[in-house]
Structure formats: C-alpha cells, structure tokens
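Listed after this line are the structures, all set down as structure tokens.
What follows is chain A paired twice: with chain B in the first complex and chain C in the second.
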Partner chain A sequence: MSSGRTEPVAPGARGSRASRYGLRSVALVYLALILVLPVGMVFFRTFENGLQPVLQALSDPETLHALYLTVLIAAIAVPLNTVFGVFCALLMVRRTFPGKAFLSGLIDVPFAVSPVVVGLSLILVYGRTGWLGGWLAENGIRVIFALPSMVLATIFVSLPFVVREVVPVLQEIGVEQDQAAHTLGATPWQTFWRITLPAIRGGVTYGVILTTARALGEFGAVSIVSGKIAGQTSTLTVHVEERFQQFDLVGAYTSSLVLAVIALVIVLAMTVLKPKEAGS
Partner chain B sequence: MARPAPSQVLRRRKVRRSTWLGVGLVTLYLSVIVLIPLAAVAWHAAELGPAAIWRVVSSPDTRAALQLSLFSSLAVAAINAVVGTIIAWVLVRDTFPGKTIVNALIDLPFALPTIVAGLTLLALYGPKGALGVNLAYTRAAVMLALLFVTLPFVVRSVQPVLMELEKDVEEAASSLGAHGPTVFRRVVLPSLLPAIVSGAGLSFARAIGEFGSVVLISGNIPFKTQIAPVRIFALIESGDSAGAAALAVVLLLISFSVLLLLAFVQRWGRKGDE
Partner chain C sequence: MTISAIGITKRFGEFVALDDVTLEVAGGELTALLGPSGSGKSTLLRVIAGLEHADAGEVIISGEDATGRPARDRGVGFVFQHYAAFKHLTVRDNVAFGLSIRHRPKAEIARRVDELLHLVQLGGLAERYPSQLSGGQRQRMALARALAVEPKVLLLDEPFGALDARVRKELRGWLRRLHEEMHVTTVFVTHDQEEAMEVADRIVIMNEGRIEQIGPPRELYETPGNEFVMSFLGPVNKLGDVLVRPHDVELLLEPNGVSTEALIDRITYLGFEVRVELELPNGRKLWAQTTRESAAPLEPGRTVHVRPRATRTFDGDGAETRPAGDSPWWDRRVTMEVHHS
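Let's look at the complex of A and B:
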C-alpha cells in the first residue's frame, strides 16, 4: 500500500521493488495455503450446519470428560515442569559442576523423541510385559491405560520449555542483586522469592505458556498409553481422533475448534509476552 | 568478604555439596521421566540383537516407511530452508498492513495440537475440500502435514539474525554496483546460513518423528503413505513391541545425530560472529 509514498531508497534498491512484491506474495500465498485457509476452514466446517449441533457436541458427556481430563493432566504436568525448570535453570546458570554441558544436552532430548516413541517407552516400563509391569500388577496399580501414564507422557514431551526460556534470562540478570540481598542478611529462600523470581518472571511465564500449549495439545504419546477408552481415558485430542474415526465430523470439528481457540489465545499471549530481543 | 580472583576460583573451585544435591534431584527427575523409559526402548531393541534389528528395519513395509520418512523429512527441511527464509525476510525487511498479525500467526503450528492440524488440512485438502483438490491418502498430503507443523522453525531462527544484520553492508555493496541477487548471495546469505541450517535441521528432526498431524490425512497405507512413526504405532497395536523398539531406536539415532550435528553448526555460527 506504499505505492503513493516516496521513500528514501538506497541506490541499488530501486530495481528491487518488483522483487520485494514478488517475495511478499510468495510468503503470503504460502502462509495462506498452508496455515490460514486450513485453520479458517475448521471454523467454517464446525458451524456449517448451524449452532445447534455444535452446542450438542459440546454438551456431550464424553466431550466434557475429555476436556476435564485434558485440563487435569495439564494441571499436574505444567506445575511439575515449571518447578523443575526453574530449579534446573538456576542450577545450570548459577552453579559449577562437572558434566554441565552433558546435562544441558539431556534436557533437550524430549525435543528429539517422536511422540510415538515416548508412548512406546512408557509401555516398555509400565506395561504388562514391561520392566515394572509384574510388580505393578501384583500390587494392583494401573499405570498404562490410566491417568498416571498419560501424565508421565505429558511431562516427558513438555519438559524442556521452562528450562530453555529461563536459562537465558538468568544469564542476563547476573547475580549482583542476589548478592546484595545476601549481604543484607536475606536467607536464600527470601532472596529467591523477593529478588530472583520477580526478575525472571517474564521467562518463566513464557516457558509456562509453551509448556501448557504442549501439554494441552499432546496427542501421539498420550493416545498410545491411554488405551483410548472413550469417556474414561480420552483427552480432548484423543477425542478428536475418536470422533473422526466414528464419522462424527461435527463432534471432531467441535472439539478441534475448542483446541484451536485455546491455541489462538496462546499465540496471542506469546505475542504480548514475547521476550524483548525478538521484538526490537 | 575478600573474594579470590576469578582465575583462582576456576582452578580451585570445589563443587559445593548443595550443588551435588541439586544435580542429584535434577538427574532423578530426568531419569524417571525421560532416561529410564528411553533405556527400556534401547534395552528391548538390544535384546533382539543387531541381526534381528536389521531384519525388522529391512522388512519391506518397515523399510518403505523409513524411506518415506527420510525423504519427506529431507524435502520438508529443504522447502522450509527456502520458504522460511523468504518469510523471515518479508517479516523483517518488508512493511505491509497486517504484518504484526502474520508474524504472530507463524507460531500457530507450535500452539495448535497436531491432531487438529491434521484435521484442518483434511478440511481444506481432503474430499469435498473448498479448493477442489483432494490430496487425502497421498504422499503430497504427508508433505503438507509435515510442512504445516515445521513452519515456524526456519522463520524463527532466521528472523533475529536478519534483524541484527547491518543494512549498511548491503547498501555499501549495492552502491559499489552489486545487483540485488549478488548482494544477497555474497553478503546476506553467508551470515544467514548457520540460522537457516539450524532451522532446517530442527524441522527435519521434528518431521521424522511427527505422528499426530499425519495420521488422519495420510490414510497410513503401507508402502504408499505410511511413515515410520505410524509404522511403530502399527507394530505396537499388533503386539510386536520388540519390533517397535527396534524401529524406534533407528528413529532415535537419526534424530539424535541431526541434533548433535546442529550443536556443531551452532558453534560454527557463533564463531562466525566473533
């Protein structure tokens, strides 16, 4: 829309106006075809037959239970990974110990593991023929095809986010303020709550958002260990697939819409809270 | 309190007891959640022995799945390297109305559950899709799903580098008579290359393990659209957990070596800065 404006143009840049519009079109058309139109299509498809079937699918007890389970799992996994993430980041930035680089590499491992392999690995430990399978069966503890394995799978896939977001923030703020607090007689615990945590709040929040997004949206790992028992171990993502396989497209689209709206809210939050170096 | 000089600290530093306690706790958490389960996969595969692993991996349908995964992930990494760089360029150097929204939308594939991503693509490119093309149950559909979920990697790794890149260098080059493409090839591209490679590598690692977005749209037809993670899923469902473990180990080895390679690329990129 800048065609009417005259702007200062670098000597060699005059001929590049055409290429600029060309690149802009390539980028926008690609994004439209692969991202915007498909996601928009789900909104359209969900409400294709009006509001009534959507409301019906939303109030379906299985959908509601799936939503409840998804939120419950996230409510367990996200706090655990947050505490672990902050603790681990503090350890890696503020303390010296041998094998630190190795530990840092280990933290990233979940990013490199396929969700299917995560599910498989939990079955091989907690499943009927797994390492702990016999012992668990004797004691009547159900892990696979039950909540514990779904929580474990979710913690696995969303583990690195908080650490990765908090480490650079901790490196940037340094230790002067903490040392000052220490000199003034604050206990380590007081220093953490009053000085360190407020200083890294941005990084922690951003990490928590990413962890939550991953925890709410995990499908592969959870679906393998859940056994997909409708109304019992179906999370919202598993419910989407199950409804789709049952040819209940309205049900599948409605649950997808709920997840898509959550994703859009998360993207909005990410944009507002994005760490500064990416925005300037 | 008199503090010893930094060099002395480094040499004499004893690891504090509380640090060991912390390292212990972190290792315990990582072990329970990540390491022990992965060790179980490696263990079950190792029990089979190399010959049996090879038999599983080279069985025709598994080999076909692995090949499809490798080729499509490579293609996805290559497409992302080109298109992702173009998108990053447009987002940094171009101005147009709605740019902020476009920039925010790039993160959507990270936030959108993969199964929903698959369903959205099926809604547009499946039977009765609005564009009149039906790609469902084809290899093109597999590519499409992988391109969707890996979209942010190259864009987000190139963007910050492009922002920091001094425009004066390019302007100097053009005022010395270099044309647009030459400036890009000789001045811009070398500085962006580490970021492009690392973004492409991350998309490859993500694509080779991807499951949720592909499972609905590909139809999972053996020898045609079945990718390696879906093959693992099929092996688990049929009760062949040893075979699944064997293929899983191959997948793990591929993605670990890619990430290891990336760590070296990043170090090389950082050296370029100094």
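Let's look at the complex of A and C:
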C-alpha cells in the first residue's frame, strides 16, 4: 500500500531502533569483556575461600610494607608532578619563548616511551656503572635498588597528566580574569592563588587523579629499578607479580584488590571534594 | 585626576598599533576613543592601564609617572568587553575582591560592597554567581568591582560591545548618569559613533594608530577635520571629491534654479526616517535621508530636484577646501581625477 504522501520520520526513531540497541549491546559487551569481567573475577577470586585468607594476606608484613611503599612513592611523586605540571602549563600557555614546541614534545615523552625503557635508562644514569652512579656511590647515596630511583621512575611515567589536563583549561579561560585581578591591585602571587588556581581547579583535579592512578599502578619502570627486594623495595604491583609467581593466588588477588580500592577511594574523594560550580 | 599619554608607540611584530600618539584627558571628563577595529584605540587604553607596555612614550596619571609601574599600582579601574567576571566567586565576592586583597576590615568591605551593588542596581543578586546573571548585569557587576577600589581613572574597553542593542542603549544612559554622579575621569573605547556621541563629553577619533581629531561630539560632527572623520561620524555621499550628508540632500518637487534633476531608484521606510536612493543625470548615485511626511509624494521612477544644503571637500592632505570654479556641485569629476592620479 503506497499512499502519495511521505511521513516525516525523525532520525533515530522507529526505523533505527534495532540498530540503536545493537550499538548499545556492542559497547556493553566490549566493556564487559575487557573491563568488568576481569576486575569482577579478581574480586570474586579474592573472597572465594572466605574472609580468613584475605585477612591473613592483608596482615602479612611484606604486603603491608609494599602498601606503605606504594603510598609513600605516590605521596612524593604526585605533589611534585602537580606543582611542576601547573607551572609548566602556565609557561606553555601564557609565555612565548624559543623552544616551546620542543618543551611540549618533551613532556609527552613518558607517554611514548615504554616504562621498561624508562627503568633501564635510569639505571644507565644512576646505576653503579652509570655516569652519575659512581659519584653517588662514593658519597654513600644509593639510588638504584632503593627508594630514590623508584620515586624518579614514578615521577617520570606520571609526568604528563597534570600538564595535559591543565593546558586546555588555561587556554579556555584566557587571561582576562587575571588582568582584571591585576588592575584591582592583586600581586601575581595573589592572582595565582585567588583567581587562576580556582579557575583551573577542575583540570588540576582530574590531572591529579590520573597522576595518582598512574603512580599507584606503575609496574614496569619501578620493577626494574627497585631490584624487587621483598619487604624492602617491593611496591604493591611488584608484590602482586611476586605472589602470583609463587602461586600465592589469594595474596596476589588481595593486593590487587587493595590497589583497586585505593584508586576508587581517591576518585571518590576527588569527586566529593570538588567544589560546586554554580550554574555552569 | 588627569591622564597624559605622551608620544606612545606600540608595535606588534611588523604591525604598528600606535604611532607616536599623544593624548591629554582632563580630570572628571568622560572621553570616548572612537575608531574602526585595528585603529589602536584598545591598545592605547591598555597602555594607559598598564596591561600593555608601550615601545616608546610616557603615561602620566594624575601627575605621577606611571610608565614603568605594573597595572596594580596605577590606580586604574578597568572594565573589559567580555566582563572578565571571576566565575568561581559570587557577585558580592567579585565586587569585594579589590578590597579584600587590601585586607580592609570585613565590616567596611561589606558596607562598601552593599553601597556599590545598590548603585549598579544589583542589590538583590549579591549571592548569585556570574553565570546566573545576564550580560548587562555582569557588566554592571564588573563596573562595581572596578569602582570598589576608588580608582583615579576608570577605563572601559568596548564595555557594551558584547550586549544586545536594547541593553546597550540602556547601559549607555546609565553610564552617563553614573559619571555625572561620581565624576571619576573616564575613558571608554568604542567603534560605535552613536554610542560615542551619546555618552562622551569629548571624542578622540583614531585611525591606523594615529589620532585624527579630538573634540566635543557636536564640533566633530559639524566641522570634521578631514574626510575620514566626516565619514566615520555618519553616513556621507561622495560625489567626486564633494562630500554631502544624506540629511543635507534636499528633495524638491519643482526646480528652483540651483537644483539638479535626479531619478528616484528606490525608497526604504525605516519608521520615522525614509531613505531615498537617487541617480543623477551623469549616472552618479546618492541617497537622501528624509522624513515620512516629505517622502509621501515620492515614488520610484519619479524625477525630483536635488539641492545640497551643505557640502564639504577636503584636499589630498585631508584639509578642507572650498569648491572653486563654476562647475555644478555634483559634477566635479575633473577635479576628482586630478586628486586621485
């Protein structure tokens, strides 16, 4: 039956309903397979034999030390990268200087270089035979196979996040608010704390979340420079690998779960602490 | 509270934004910097504020040399075209900003902010955020914020440029009244000649990094110093080197001896004003601005008789000349060709 008139059909209405559900299921199945299922399995396996083994694994001194070390490294690396990242973003957005494009490229190097390479390059510089290592050893400073190199490796791999999150926000807000603050009598320092920082807070927050997640989860570079000395230079990720290779699956799963919970808590805390921005 | 900008030159790369500009603003005056975009008017204002540093020249604000001083020590209030509202602060905290960084007592700040919010008619909106205000309200907030620190001079950079026509008109009148109440020396930048004429005591006309002419609105309109000033302050018909304002083109139904025949091409009604587009016997086009009553008997295709009430001619240097010789006013092609060769 064909009537002479054509009915206007809104895009995405009746005709495409099937394809809409199709697209949704593809996205959901994809996420389920690569994200939800594996993480869910870790959770399930951890508690497979009840709470007792988990508590036992948690109270293991090596696990606790690994947890302490992971948090300590993140607590050093994240603030340093945050300060550096905000400073660098301000420099790149608001100043013109020769070599700016080079600096911008340099900041992305940690994204491009494999963490394993980062670890090896740190050993080349700070290791016993490295070109700074000899001098450091003579002066009794231990970098490789100790906390300093692990912090350095973590800083290296989590360097770009704050810069890359803050740069677009700075570009968007422009300089007029800062200039207005200047004409109202604010010093550059006052302007930064009272105007610029609150304006870029969203970008900084997100950058800090990503930096923290990266710092907590770092494995490749840290595992190379740490020497994996259990109870001394073993972080949670290194600890997970070690337990897994020793067939202590509950220990491995428990530590994994601890990592996941810390990450979750940070994300939640940031969301809660994020200031309410009225109307926007 | 005077402003002197002496011999200001500012380049952006190859582009010369200001070319040895000197401007004196008397205390308590409301001055407009008027010019097309790229004429250097905003740059001059920003140099006075200290937001831009001149390559050469001095800025003196109420007798003190401010040339080397940062913006925060110049005692200027600055209002930006796009408000530059502090988005994360309430209206109250925006206005209080200048006082709060000076660590004034809380009670004093609160009193002063209330006063100012009342002055700019935002009393009820103190706890709102800028994003909850309209453009006009944001700009009034920005003005209150600038006034809070009691600036020696108030500088406004296209303050109404981002607002719609109705709000713009309203704020103009409002700025004028505010100035009459407070008498703070004010300079504002605009590219809108009507805005400059309506608000300012004195207009500075700028073009290509230089000042073309300075004077009260009426003086500039009636005795423009050159062709640029005349054509920037209002519409003109250019016939050869003769300039005539459309409202000075008189339309007669009968010839009167000195008039010229013209054919009506088109008539446009704009309420009270009516535009009549005409063609002269030599093919030149011009238009006349007239009233609804005078235009009533006119229609396209009809021949009328045209006579200018006033014309102006300027020589190549921009100086005014009186037409000589006995060629009719509208047909000085020969002279024009000489000028343009």
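Here are a few things to note about the model shown:
Definition applied: the second predicted complex is superposed on the first by the 248 of 280 C-alpha atoms of A that agree within 3 Å, B and C clash if a C-alpha of one lies under 4 Å from a C-alpha of the other, contacts with A are read in each partner's own complex, and residues count from 1 in each chain.
In this text, contacts are C-beta pairs under 8 Å (C-beta built on N, C-alpha and C of every residue); 3 or more make two chains touch, one makes a residue touch a chain.
Bear in mind that the values here come from a model prediction, so they are computed numbers and not experimental data.
When both complexes are overlaid on chain A, the residue A:Trp193 reaches neither chain B nor chain C. Contact with chain B, but none with chain C, is seen for A:Ile155 once the two complexes are overlaid on the shared chain. Legend: residue contacts after superposition of the two complexes on their common chain; A:Val113 is shown touching chain B, with no touch to chain C. By the touch criterion defined above, A:Gly185 lies against chain C but remains apart from chain B after alignment on the C-alpha atoms of chain A.
In the superposed pair of complexes, A:Tyr68 makes contact with neither chain B nor chain C.
Of the two partner chains placed around the shared chain by superposition, chain C is the only one that A:Gln177 touches, whereas chain B remains out of contact.
Once the two complexes are laid over each other on the shared chain, residue contacts for A:Trp135 go to neither chain B nor chain C. Common to the chain B and chain C interfaces on chain A are residues 277-278, 280. Of all the residues in chain A, the ones that touch chain B in their complex are 1-2, 10-13, 15-16, 19-20, 23-24, 26-28, 30-31, 34-39, 41-42, 44-45, 84, 87-88, 91, 95-99, 103, 105-125, 127, 129-131, 152, 155-156, 159, 210, 213, 216-220, 224, 236-238, 240-241, 244, 252-253, 256, 259-260, 262-264, 266-268, 270-271, 277-278, 280. Residue ranges of chain C in contact with chain A, taken from their complex: 49-51, 70-74, 76-78, 80, 82, 84-88, 97-98, 101-102, 128-129, 131-132, 142, 145-146, 148-149. Those residues of chain A whose C-beta lies close enough to touch chain C in the complex are 176-177, 179-187, 190, 194-195, 198-199, 201, 275, 277-280. Partner chain A is touched in their complex by these residues of chain B: 13, 15-16, 19-20, 22-23, 25-27, 29-30, 33-38, 40-41, 43-44, 83, 86-87, 89-91, 93-97, 100, 102-117, 119-121, 123-125, 129-131, 144, 147-148, 151, 159-160, 163, 170-171, 173-175, 177-180, 183, 205, 208-212, 215-216, 229-230, 232-233, 236, 241, 244-245, 248, 251-252, 255-256, 258-259, 263.
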